[in-house]
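Right after this note come the structures.
Two complexes come next, and they have one chain in common, subunit A, joined by subunit B in the first and subunit C in the second.
This part shows the complex of A and B:
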């Protein structure tokens, strides 16, 4: 890490003002939340910005609340705040549990959910789980407010569908109904996960009516496969029989590559291991 | 933790809290990074993106015109200096000259008013390269058409630390060769009841220290003054004296606290470059590397070992043969000595009648390798201790009993020509085995093993010191030993306090300032307690001898009538403590007595090694067969330290070393893809964390007072690293039946081995 180059920090007090600043600075400016990604990349001289627009000065953007059966988590809520929130622990324990295992305590203490999702680093735990949970991102820019489905937010490695002047103001996550189950598991050796696997199931008695399995970290963005999700429905016994095929379909969709995290075949194998484990955990 | 033995010692062999503990945890301890000289400038380094290339030209005019820049130094600006350094082989230019030999090599340095300005100017330096073919492995270095890394012939460094010739610079890429041989291995293999043979690979690893390399140099007409994070200031002084062609007396190295070394801070690193910057800029200059840059500065030698070991029908090991190829990177640094040591350490600590070990290190276009905790021992203990288990399995023996049968016995001259073995391996092994529950039932998927190592440690015995006893009865130790976190500044005053019979609090330590503290070769090779400890002990005794004479003078009696007692002297009814002796002698309550000691290769230190560093480790682990992931369940370390001057510190060294060895066993590895280091940051290079340690850890010391050091002490702190990778490989074999001959045993490697087995 090298010394930081010079930059100015701007402190907007509303989302509109922040958006206006982003529009004004264009390529030379960037939103700045906890800085755990941004400042690291700047210290490695991988990114250069002259203007940082601090989202933390916008009041209430870090709010966590329950509204109409959905959790609303503000864009600048930190991992630590989410992990410790009584509301989250009560209404969506799978999210709180996932958050306890993101990064390390120092990163969680200042890193935000918005920063995690919008940096779109391919090894994200929240992106994987929130995709399976059917969450929506609320964004706001010059053109107004819009909602983006989680699986449309991240468009590639370090790429999102946000316009240059848009902020992620919050994430809306439906809480689980009585007949819904979810589990998130990850396999991690280094600083970031090698693989994350989220599974959402909707039950009808002993029958699995609907399933959504999402694998993250093995490719540029969280991936699911319609075929895999279909193979994960039916009676429990049926699904147990089909789960190998479902894993195969999911692995085909994710199409992992060889890299320093592991060989493609190893990652494909892990998808099977963790899909099985997540299935057991979700139904436990 | 019960390392204290029943002795009548008052201060040594007690776990006194470490002296530097409070200042370090409260952030008050001063490191070089905290120092600032008046008028000081800052340097930043431009590094080569290419692994092997000719430097055609460097245009620095734009960078020099950048506001705030004092100067830019390149390999073209070094006229007037002897720019090559190296205590073993003078092959290392302080900045690349004419060509670069690895990606990351320093090519230019900017000196500016602050660090940021220096950094910002780097991108304005325009270097034109002509790329050359690179070589990255020993095999490639030996190929017929391999390009030559070093064209010139080198002078062998005077302080290379071994007696053999240097083989570098003879028109090949060979950096160093070494061979040991006794008996007749071929004959023994023919007669053997069982033989095991295999190829092993020990990875490139990085000795991560919290403090990256840092130095401040001030070069003036008066000489060269350098503050550095160097482990061996006197060795660095020697290199700087040659570079600047100065008398020793005009080069001063000052080392405050060092934030960890683990081998990586031994010998000369950034000091020549910083000094050259100061020489050009005509002002003090500080250079502080980042961790990523430190990772481009040194690493361990990775080693390819073919090894073969044989037993007779009674289970006696009768032969061991090995061929080792080490990848030493672009410059020799301390690798010639690593080669010699790893050759020797293939044998230990077993008594084997027939031995042939051939070792060779090769220059490649990678980060230069050098000392690394364990010093060549870990590289060969992976194959060595793996083969002990493999053989035991093959002949149906319990590996622990098989080790007991073959381990060197106390006093046995198991290595021809070397000091007889001065440890007690049976007790070490027994203690480790008991600690991990040897013989008790094991859960499925769990494996349990013990392993040992014994290395010829202590480096070269050349150490001196002075202990000043002051008129108030307090004392100051002047020592060239550097406090790296290992605890020298606690242990040395314990020894002085014990000898002088004064309280521990009254002893102060002044260390590692080559202009003030007497010469000590190095702070490494686990030698400080043994060698500097002995020197401090002798210096105290010499001070006492002087004070006895003074007391006789004061009391107007014959010297023979003075009896020395704890903390002073007695003569008939009269008792004087040291304060009284000195004050009366000078007739003023001030003044001092200086006790001295010079240790060299003679007397009890005539035989090498200075001591055998022995330790056993025991592990229990479990393997998740689905993912290949290893979980450590139990760990035991047993340090065979003779006598622990400070048991808590000795145990701390052992758990530190074992954790580092566990890191190599589980996940540490620098990965090259072609010419580029792929994981050159601690975000990508996986270091051990506290959470990787098992819940059950037992630290034991074996204290038979069999070392040559003070009170029978000998060194520790490296040995429990050496056997860990082998221990993990052996335990994985026990747990799930796969033999992996390569570290680290990453989940993926274990999974692949399982897949292969289940095919």
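This part shows the complex of A and C:
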């Protein structure tokens, strides 16, 4: 068995204490949640830390609640807890459904939403859906608390806008209003998704007033295109005519890359197929 | 670091390092070699054990996480009189293994499914077992064994 290099584990009991530990250990320390990304990278010696700060010892950081029309999901809520939460299933079924398809049962049992978003591995399902839903990340560090729009949280492959001493405390996700629809679809051949496509629509009678299509996993971070979103508004018949152009605009913005999950051309093709399917699903 | 947990129904106290994985402690310290290790990256499921009834990958799950918890490995499945657990018996009856390397993980994953959902559909079995890889059987007999085990457990409960 590949052993891990030695480290010590610290058990903060508040977010402030965890943030202080991160500041103190600097480059030698890192937050540790489910470890499903961090420990793999450490086993392969891609990352080395002498101090792991266990976020799970902070009480209530895994809470899931509905507050003022928004779901508040704590940073250390696991995929499994979100997938099975009665509150999530009832108030935002698209999120529960997406979570049932993240990774495998073991990763879902340990892996957290905070770990998924903050590792910023390019093949993230939650990052893609949460961007389309207009979610906000609540973070806390030395400088205090702040909220970051989801599309500003992930700044590149394995990069976020969090400061070294900041923790993702939770994610705030507005639940859908009566005239809003959302769908998430993914395509996957191996362990990680080849493509994830999220579509959010706001209706005014038969008209689509507002649209937000986000594609993830095909390149470094979830992408949307203003042009594509514009082409996805209008009457249903209009949008059906324009959807090919919208897919092309989205593919151009995402600029898919070749990787182990698929070639760039193939991913461009998938964007067209899955945007159409998501549109049908959202309006079903 | 001293850890205390319940393992296969018995209390244990173990001294280990924070960086030790549960698979290392089980196999190297406690000589419980039923839990296999293959990919070591959370992908194959050979190392599946249950912690408070949840399936985890012992290959990359720190032993530290087991503190105060209830662990079950494949060694803990047979009854006191040595009779096999229905899932183990069903795997034999359906020829659900060849080399057997994936089998302890498959059986533990199946256990976590049947504990939660005693009568799963074929689709539910496939969805749940999706993260356990078998290079020999082609999966068909594994799904059949889990269906058979569900029936055996239901029958046992009636008696």
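Miscellaneous remarks
Basically, the second predicted complex is superposed on the first by the 283 of 284 C-alpha atoms of A that agree within 3 Å, B and C clash if a C-alpha of one lies under 4 Å from a C-alpha of the other, contacts with A are read in each partner's own complex, and residues count from 1 in each chain.
Note that a contact is a pair of C-beta atoms (placed from the backbone, for glycine too) under 8 Å apart; a residue touches a chain by one contact, two chains touch by 3 or more.
Note that the structure is a prediction, hence the values are computed from the model and not measured.
By the touch criterion defined above, A:187 reaches subunit B but does not reach subunit C.
In the superposition on chain A, A:269 contacts subunit B only, with no contact to subunit C.
Looking at the shared chain after the overlay, A:35 reaches subunit C, while subunit B stays out of its contact range.
With both complexes superposed, C is the one of subunit B and subunit C in contact with more subunit A residues.
In the superposition on chain A, A:80 contacts subunit C only, with no contact to subunit B. Of the two partner chains, subunit B is the only one that A:260 touches; subunit C does not reach it. Legend: residue contacts after superposition of the two complexes on their common chain; A:4 is shown touching both subunit B and subunit C.
In the overlay built on the shared chain, the residue A:103 is in contact with subunit C alone; subunit B does not reach it. Common to the subunit B and subunit C interfaces on subunit A are residues 1-6, 191. Across the interface of their complex, subunit A is touched by residues 17-21, 23-24, 27, 37, 40-43, 45, 48, 54-57, 59-62, 64, 109, 112, 127-128, 130-132 of subunit C. Against subunit A, in their complex, subunit B makes its touches with residues 44, 115-116, 119-120, 290-292, 626-627, 629, 667, 671, 678-679, 683-684, 686, 746-748, 751-752. Residue ranges of subunit A in contact with subunit B, taken from their complex: 1-6, 44, 187, 189-191, 260, 262-263, 266, 269-270, 273. The residues of subunit A lying in touch with subunit C in their complex are 1-9, 35-36, 39-40, 43, 52, 80, 100, 103-107, 109-110, 191.
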